[in-house]
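Each of the two complexes below includes subunit A, the first together with subunit B, the second together with subunit C.
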Partner chain A sequence: MTDRDTIATLVKETLVREAKLPMPATELADTLSFNGDVSVNSLGFIRAVIALEDELEIETSDEALMQARFNTVGELVDFFVAAVAGREAAE
Partner chain B sequence: MTTREQVLQLTPFPALDVVAAHWQLYCAPQKAMLGPQPIVTRPMLEKFLEKAAVPGPAGKLTEVLKTLDLHRALAIAAREFERYDAIPAAEEEAIAWLEALVDDGALRERARAALQDLMVELDIDLDPIRRMHEESRYDQSPTLVDVMGADLDVRIIPSITLLPAPNGKSGFYRTIDGRNRLTLVFGFANHVDLDRPGYIDWPQWWRLGIWHFMGRLYWTRRLDALALSDEEQAQLFSRIPAEFLSKVGIHESTVTRNKTWRAYFLDQFIGATKAIGELEVAGPVSAAGQEKWFSSLGRFHVHWFLERLSGRRFDEIDMAGLVADWARDLPGLTAGSPAFSGPLGACENPLWNDNRRDRLSFSPSVGKTTRRILRMWFASFWPVTPTLAEDADAPDLAATDTVDLVFGLWRDRDWIAGLRAEVAADILPTVTRKDLAADLAGAEPAASLVYARRAARSPECWHRICLAPDDAALEAVHGRAHHYNDWTAIIGDTRENGIIRYPD
Partner chain C sequence: MTGEKRILLPASEMPTHWYNILADLDFDLPPDLPPPGRSDSGTGFTLQVPMELVRQSLSKKRWIEIPAPVREAYLAWRPTPFIRATGLEKALDTPARIYFKYEGDNTSGSHKLNTAIAQAYYYHRSGVKRLVTATGAGQWGTAVAVGCNMFGLGCRVYMVGSSYRAKPYRRTIMGLYGAEVISSPDPRTASGRRFLAEHPEGHGNIALAIAEALDETVERDDTRFCIGSGEPYSILHQTVFGLEARRQMEIAGHYPDIVIGSLGAGSNFGGMTIPFLADNFAGKRAVRCVSVEPTACPKLTRGEYRYDFTDSSGVTPMEKMYTLGHDFATPDIHAGGLRYHATSKLVSALYDRGLVEAVAYPQSHIFESGAAFLRHEGILPAPESAHAVHGAIMEAIAAREAGEARTILFCLSGHGYFDLAAYQSHLDGNITDVTITDAEIAAALARVPVAEPAE
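Showing the complex of A and B:
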């Protein structure tokens, strides 16, 4: 089973790369807020989420993604941790 | 033009940064992801406030800031607060408490040292702000210089703890001992970079901001001098049809909806003032862009005001007569539904078509991921969720009754043939850069283009079309449209914006 730290690292590295964040992934603490601490371009954010789907081999509907609300980096990590757990349970 | 003596101060103001930092941490409403953010992180703000050590009971500053709102708190922190109206006792208490706080010498010293540490840590460079101010040409409009006064002191207070503009800005224009003083508080995140060609027109944005603050205060004073009673203002307000008050731009629809006759009147005055300044400094194309922009934001009658202010000294304008003329002309001004000649930003306005249906189309070569990203972006951030067009052909924009959002790649020549014809007829004649014009006229341009096109069946609505050489450029140009204009073209690091001239 993929552990949370591994997924968190991947989520943060992908976010930095795809959304072109001006900071290393190691500085993206789970508690940082997308509403003030981290400035993410909206198109870049969506691109990062789609890239993570590919990298983690999960499929999420557009509707589910759009309904999700990610206030912090940790909430984005948790979303993908749950999605990977769902995929692994189904395998 | 009057010969002018300027005094420019560009300096941080530590007590103001304490107020801004505290606001950011404990009072600011949740912001959307969109919009610029400060260079400082939340932990940095906390550390800054810890070093500054605000005296007084815990939670007192939060309570005071929420009582006063950020604009007034910044005015007090900058020592620019003026009382125009009676103030409730609770607010007077908050004002007195905050005035005492910013007068506290020990606090200011601690804040100064903490701010200095932060500026060194973040490698803050204030010189771009000075250049932006100098290049803005805000003082080269003869009409507005007459209003600003012969001697204008400009004080710029860059704040690294405030949200960067456009959200984080405030201005105060006062006359003290016969001299006019403009104080501009400006959220700064090391983001002003005048060396990047084609980057947002910061000098233009800056001068329009200066004129906005100056115009607001000038026309407020002129209106207040009329001493119209509440009843008279309410009566004037009641004559404006609701549609002309509610159909404001998407950017302002929840913020500054016209709520009073004075707010409506001031908005039109400020818009006309800025358009006059822009005409004198930047020329007719830029002025026309401003007029269209204001119109798209709901200042439908800005042209009426422009006609009455143009070519005149503002201090010679008979305000009582102008109000009477406006009341006389209002039935004609509001005879039809509000309509505007809208630039790119107006495409976002969902309030114009009661039964609006937006439709999203992609040319065949647009990649799967880009389609999904844009589809999700529109569903998440656009005021109206568009349906996805399933047609194999490009939408016929001359016949459609939808608002179309079209994304095409140049290499899909057949699919975009109709759009290319529009570009050739409406946009190419207005492109001034020869290399850009030559590229856009070529078979497969390297440039990207986004433009607004009036909907044939609903002239108040606008289609939005993006054309680019590849998927990445398509996404990029979608995000970089210049809202004041009808089209934006990007080639390399250079961007040009312009308007479309219609025969009507």
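Showing the complex of A and C:
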């Protein structure tokens, strides 16, 4: 089973790379808010989701993704932790 | 050659997959860019477009399966007729063979339904409860109203004010399908108030109507915006009719020398020509693909290939496309669906590489040809579609002058029975042409921020 820390590291590294954030992934704390602490545009966000789908070998549910609102980095990590758990449960 | 006037396909020959041209291009489309100096994450992130549509816009898979519920819906009117315009050929005394694919024979009256139903399906599957959109001439708004009704979604349509007033029966049909229709500009939206403060007598255009529709998605969690024409997934969905036409052309025993489509944001032109471009790419053919745009909105023939916003608000992601500038004041022509300030990044990239051609004509010529088409073929084209009719007539005349039996194919993308006020103006001699100066275009382009990818 993939642990949360591993997924969190991957999510943060991908977000920094795809959204071109000016800080290293190690400084991207779960508590940081998308409403002021971290400046991400929607295109960078979509690129990060697509890259994470590839790297984690998952296909996110359109419904789960469309209905979610991500306020913090931690909420985004939690979303992918749940998606990976769903894939592993199905295997 | 069959010599038949109308070539119909059985339901079993309706395409099961859309054709994705991105698989066969030897270049990538330029990436979209965020608007300069702006982050979108003021209130956290919600996704605006279903990931399946995002994937379709980026995919390199050549064939993308049409979902079963969408195929089932298509069968209500597809496959559509393919007709030889023998009456027009005779009237023009041309050796050219003129064929047209007719996409107006459905409840919305245009090709727009092909993607509206697909988009409504994907939004519904994503749990979205309500769609908001913008429409120029009313064809896209009607198509979205049909799609929303089919999948149980609420629907609001911002309709460009001049069309709203000129086409009351478009509003009626949208209303019958359960949609609420708002005249744009509307003082209740932030974009509408901003526009009206600057232009108290302004008529607005499709770029403003899009901005007003987008305002709503910021305010309501249950609502998403869907777009009619410019995105690659929208053009992908429209390949269903180009693929049918290619098969019907084969049955007719000819292959087109020239394929023609009218050009707004690009889905009609792309849907018609892209399956034939695939044959060009494969080295099998050398068909000319010709887009026809109004001289009053000449994005390909006089615009600039650069990054610009996709609506008038200046806050959307920027796309690299042929544009006249996102706040270009498009003259109030009757072909409202062709008044968009730019054309899609896909069609723009094809044009930039010389893979497709572009011509522009004034609306007085367009209405002459639209009326002639009615007299000789018995179908009244929408003013947008009459651009393709006129392009075909000009090519047929050129074939006559060259003494060559060229084969011409065009898409009659919609009927004009909601456009009778415009045709009455034609009968009354009141259709006027507008001249756009280079200075007007340059001034609008000067207001577009300069943007290029960092790498």
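Here are a few things to note about the model shown:
As a working rule, the second predicted complex is superposed on the first by the 90 of 91 C-alpha atoms of A that agree within 3 Å, B and C clash if a C-alpha of one lies under 4 Å from a C-alpha of the other, contacts with A are read in each partner's own complex, and residues count from 1 in each chain.
Simple rule for what comes next: a residue touches a chain if its C-beta (ideal position, glycine included) is under 8 Å from a C-beta of that chain, and two chains touch if they have at least 3 such contacts.
Small disclaimer: the values here were computed from a predicted structure and weren't measured.
In the superposition on chain A, contact of A:Thr26 is made with neither subunit B nor subunit C.
In the superposition on chain A, contact of A:Thr6 is made with neither subunit B nor subunit C.
Of the two partner chains placed by superposition, only subunit C is touched by A:Arg69; subunit B is not. In the superposed model, A:Thr60 lies in contact with subunit C only, and not with subunit B.
Contact comparison for subunit A: of subunit B and subunit C, C touches the greater number of residues. 34-35, 38-43, 45-46, 50, 62, 65-66 are the residues of subunit A that lie in the contact sets of both subunit B and subunit C, per the superposition on chain A. On subunit B, the positions that touch subunit A within their shared complex are 24, 28, 30-34, 36-37, 41-42, 369, 372-373, 375-377, 379-381, 475, 478-479.
Listed in rising order, the residues of subunit A touching subunit B in the complex are 32-43, 45-47, 50, 62, 65-66.
Against subunit A, in their complex, subunit C makes its touches with residues 31-35, 38-48, 50-52, 54-55, 58, 122, 125-128, 221, 224, 317, 454.
Touching subunit C in their complex are the following residues of subunit A: 20, 34-35, 38-46, 49-50, 60, 62-63, 65-71, 76.
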